[in-house]
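One structure, as structure tokens, below. Some questions next.
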């Protein structure tokens, strides 16, 4: 049975990717698109300046854009994808949940709230039942589920493998992030040509806190954060898509590079339509993965790793994922599939 | 009194920078330029495809290029700057030293030899007297002095300040390196546009070993390496000049970000013509230093730092230096000035 | 005697360049800075996000930013530089002129008005006396003078030389323009990395009409447009500064490449502080001028030409100038110097 | 019936693209790969550093690389694709033809020889019968056919439409060419980041002469060149793939932009496997086509046009094609298909 879905913030960069993924989706059918009040009433084609590298889906082009509030969305919509600016999301998402909608959100607001599950299905699908606690506490008919930040998503699957087998104690991560991570107009050309920017506001904190929640344990009542220490340094560089990350992972148990690769490869895709067969692809060439060459691994839903070296306290390695696919729109769709499978719609 | 100097490998990228710096130098006078045999006999103007951002010095343009061997260089040359490919340097530099020439070399060969001083004058000028040991052991009239790799030079001055005051235990460093670090033709445009390369052959090892030698102690007979643990991850990105580095510095003593800044600022310029008044410039803006904006700090001879954050075990920060100035040609010239001042010519 | 000057739109990209040029200027003294109402009352340092590649001048940093209207500017200001968005300029500049201020403007509004002189001092300084007509017609105590668009300024000095000697009939020009031409945020990185945009709104028309006015003749009453036919094709490419242009110039008289070079070199700098000694620099290398290598010729106030080839009907060549210096801020300052010299202040 | 084909210069950039296209080809089967003597005897996988954006075909990876001479290639190979450096091609291609092989070549040598057909099948397929003349004159059992330069291929299909209907008199073209056009290592990153190079050696002449041959008429004995005047200005810019060109086309007959679009769209794909259904795609948005967005139109085998404006003497427009697909490897494959269809194998 097809699930009727809505997209909040449908005209933005991630919103367009969501539509690209949802239009051919086997389980979902696009039923409502919202944007800012200024665009409400326009056709989607007119409201969105379509920039994704495939044509705008014909049946979506003519849809009327609605205002971003629960009253504007039909009642028979079962699942909402949200990709709003966090300040807007913080205000609007709870209204949708209260009105009975289940929301799979990519917006950063509320990710660290105690009763909001933060999920990468291949890593911590069991946290989804935190929604029971959420509904109890908030009295919502709907529900709010979050996916992490794009830079967090890139490193957590490989770290999950290491933590399970060797118990992570300290993680240091330095990122080389693509400009699309800041949205279509987020980084000007004057800022980034022949340059790099060694700070992305709030991003370091997101990586440090979200990763510990994702790799935490859920006991039926709450998520206990992983006790590893995480420190991040985030850089913007002149690449279009694909976040590359240098990671030092210190472990409690002894570990070799072969151990590390094996542990990572044990984190596999799962039985959801958007989960790739091979979640983690290991490169043996020391200079891979590279953003332009490898960001589309597994149609943009995989994570590529390489550059393994043993260190005194663990291993270092590099990882890469497509930031607007695996790191944003694809992550939300995957979470929507999880909600559907687990009967939360 | 003016010192007559020669440049080995004068037509290469660093060779051209050396000439740019030596031509107006208050202590040095260019007396001999060498290149590969294919260029010997040509004028410098014809042999070099001049690419530096200032005109080719008129009095240098007409000099005849010589073969790179001691017999081709006049005896009254007192100091040799070398910027040869390391395989050539390994063969030729000892021949010059044996023939009585004192060599300030940027080439990577021999940097870690026990009796070869590896020097950043503002950091470990006292190591220069290892040359006495070298002359004894090798029976040379000449001498061989090295400056470190460009990526090492960028981080060691700030680390020196931290180590003196707070005793470094562990250093993790991730680099975002400019393409000029690989020489004029080292990185093709097809490799790097819209991309990053997470490995630079040999560079990680250089940073890990050279930094420990530079921050080691010289007891009159040998250099005892610093016992800190260093792990590096080196990336090439699409910038022209300026290596940016994210550093995690763990210390034995407790340290705050204010402590760290103060310790770094205590590493100052010294009394040599090319040493900047302000060796380390601290930026308070969290998104600085940036390669294009800050690589020319102190005419390219300074090191810019910023982005300080406290971590569980120390501090993290970013540093930046101009890789072909402070990191290569300027470093060699500075070492030549040190040799002159200490009476090694 | 020092002229007290004001800058309208002082916080923008061109406004910052204006301040960089005016602060050390031998004839001018910065007396008033204006910006949008939102910034009025702030210090310049706070209102402007300073991005120019030299430090913000100390004596300017603390100036209070004023609203952009004549009442906010002191009466003893003798000359106004304007770099406003054209829609704002169209409204505000006439108000300043009416209130008695003489305005040297870089904004595009009004450039083609019959009684507004459009000037490149080395090319058509005599057009300045059109101001007499303007004052008569408009009843202004002040006056309004314009410099052309940055892409027009690049090609007109070399064309002026050709037209004087060989009579231009047809000009075709294709531009490769830097992103700074669109202002600091005008071109996003997502638009331009690994890309080019073959259209710049309004730019083709500006080049086609402004060039004919600049190379027209002033008879004391009006400017008769040059009768040459001009067609432009404008492209944005991933360079930071420097507009490169491919030009085909058809001439009524026979012309050789040597003729063309000589004719261009006859267009020289003039006796104004910002006019370069050598206005046009000819490169003999066929692959020059190049934006990154040559945009700073004559401190950014020169025009570089090269790549001469004879065609059936004339010559083709390339030209290059720094778009925010010679093409914008420097052009306005030069026009201000002309106004001062000719006694229009 | 499958045609057994060989590839000369199979390890180069265009060679790899050829293999990518030939491996799944419905008519062709890869039977022999050659490279320089240094690689002869190695497997293709070892000899080629595979850089194309799809995996190396499994059945090709293990093929042994042969020396580039006729004796090394099996007799049952019916068709040879050649992508050799022109100096090598000039020597080797005639040897293959003399030995009885039919060669579809992308190399620039011999393109303008009187008895060598230069072909874009959708434009001048009838020129293929010049091979009869060639065989007569040279006494070859084999034959030599050429495709034009990548920048020529981009503009000739749209020009063909204009010439048929409106009779071209003058063409001016300015190119913005991608770095891949120079081969994998042809343009260094130091040359092109934040830069453009306004000259590509020999490219201007190729565009000027090849276009007149392609749009010439074949009378059964020789090709009479089109009498239009063509002048080109070629620029390299920092894009990876896709040559963008600004064209001014003057015509003998009056022409509107609508006429021009219609004339171009009348140049259609033809009945060969690699010819696209829609050869020319017209964009109505004035800022399209753009290299990154539109280079893959029709799987890289189409030509995109846009930016039409009327001029005094004709029209101006922009065109774009993928330089290593439609402009090189795809062009050769298409010519091979034509040879097969016309019975020249």
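In order of appearance the chains are A, B, C and D, and numbering begins at 1 in each one.
What we mean here is this: a residue touches a chain if its C-beta (ideal position, glycine included) is under 8 Å from a C-beta of that chain, and two chains touch if they have at least 3 such contacts.
Predicted, not measured: the structure shown is a model, and the values here were computed from it.
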item	value
Chain located farthest away, centre of chain A as origin (C-alpha)	C
Fraction-based call for chain D against chain C, same above half, different below	same
Between chain B and chain D, centroid-to-centroid distance (C-alpha), Å	47
Centre distance in Å when chain C and chain D are each reduced to the mean of their C-alpha atoms	42
Overlap residues in chain C, where contacts from two or more other chains coincide	193-194, 238-240, 293
For the chain B and chain C complex, residues of the former touching the latter	53, 193-194, 293
Touching residues on chain B, where the partner in the complex is chain A	170, 172, 174, 176, 193-199, 201, 204, 229, 231, 233, 235, 237-240, 244, 246, 248, 286-293, 306-307, 309, 311-312, 316, 318
Residue numbers on chain B that touch chain D, as the complex places them	51, 179-180, 184-194, 238-240
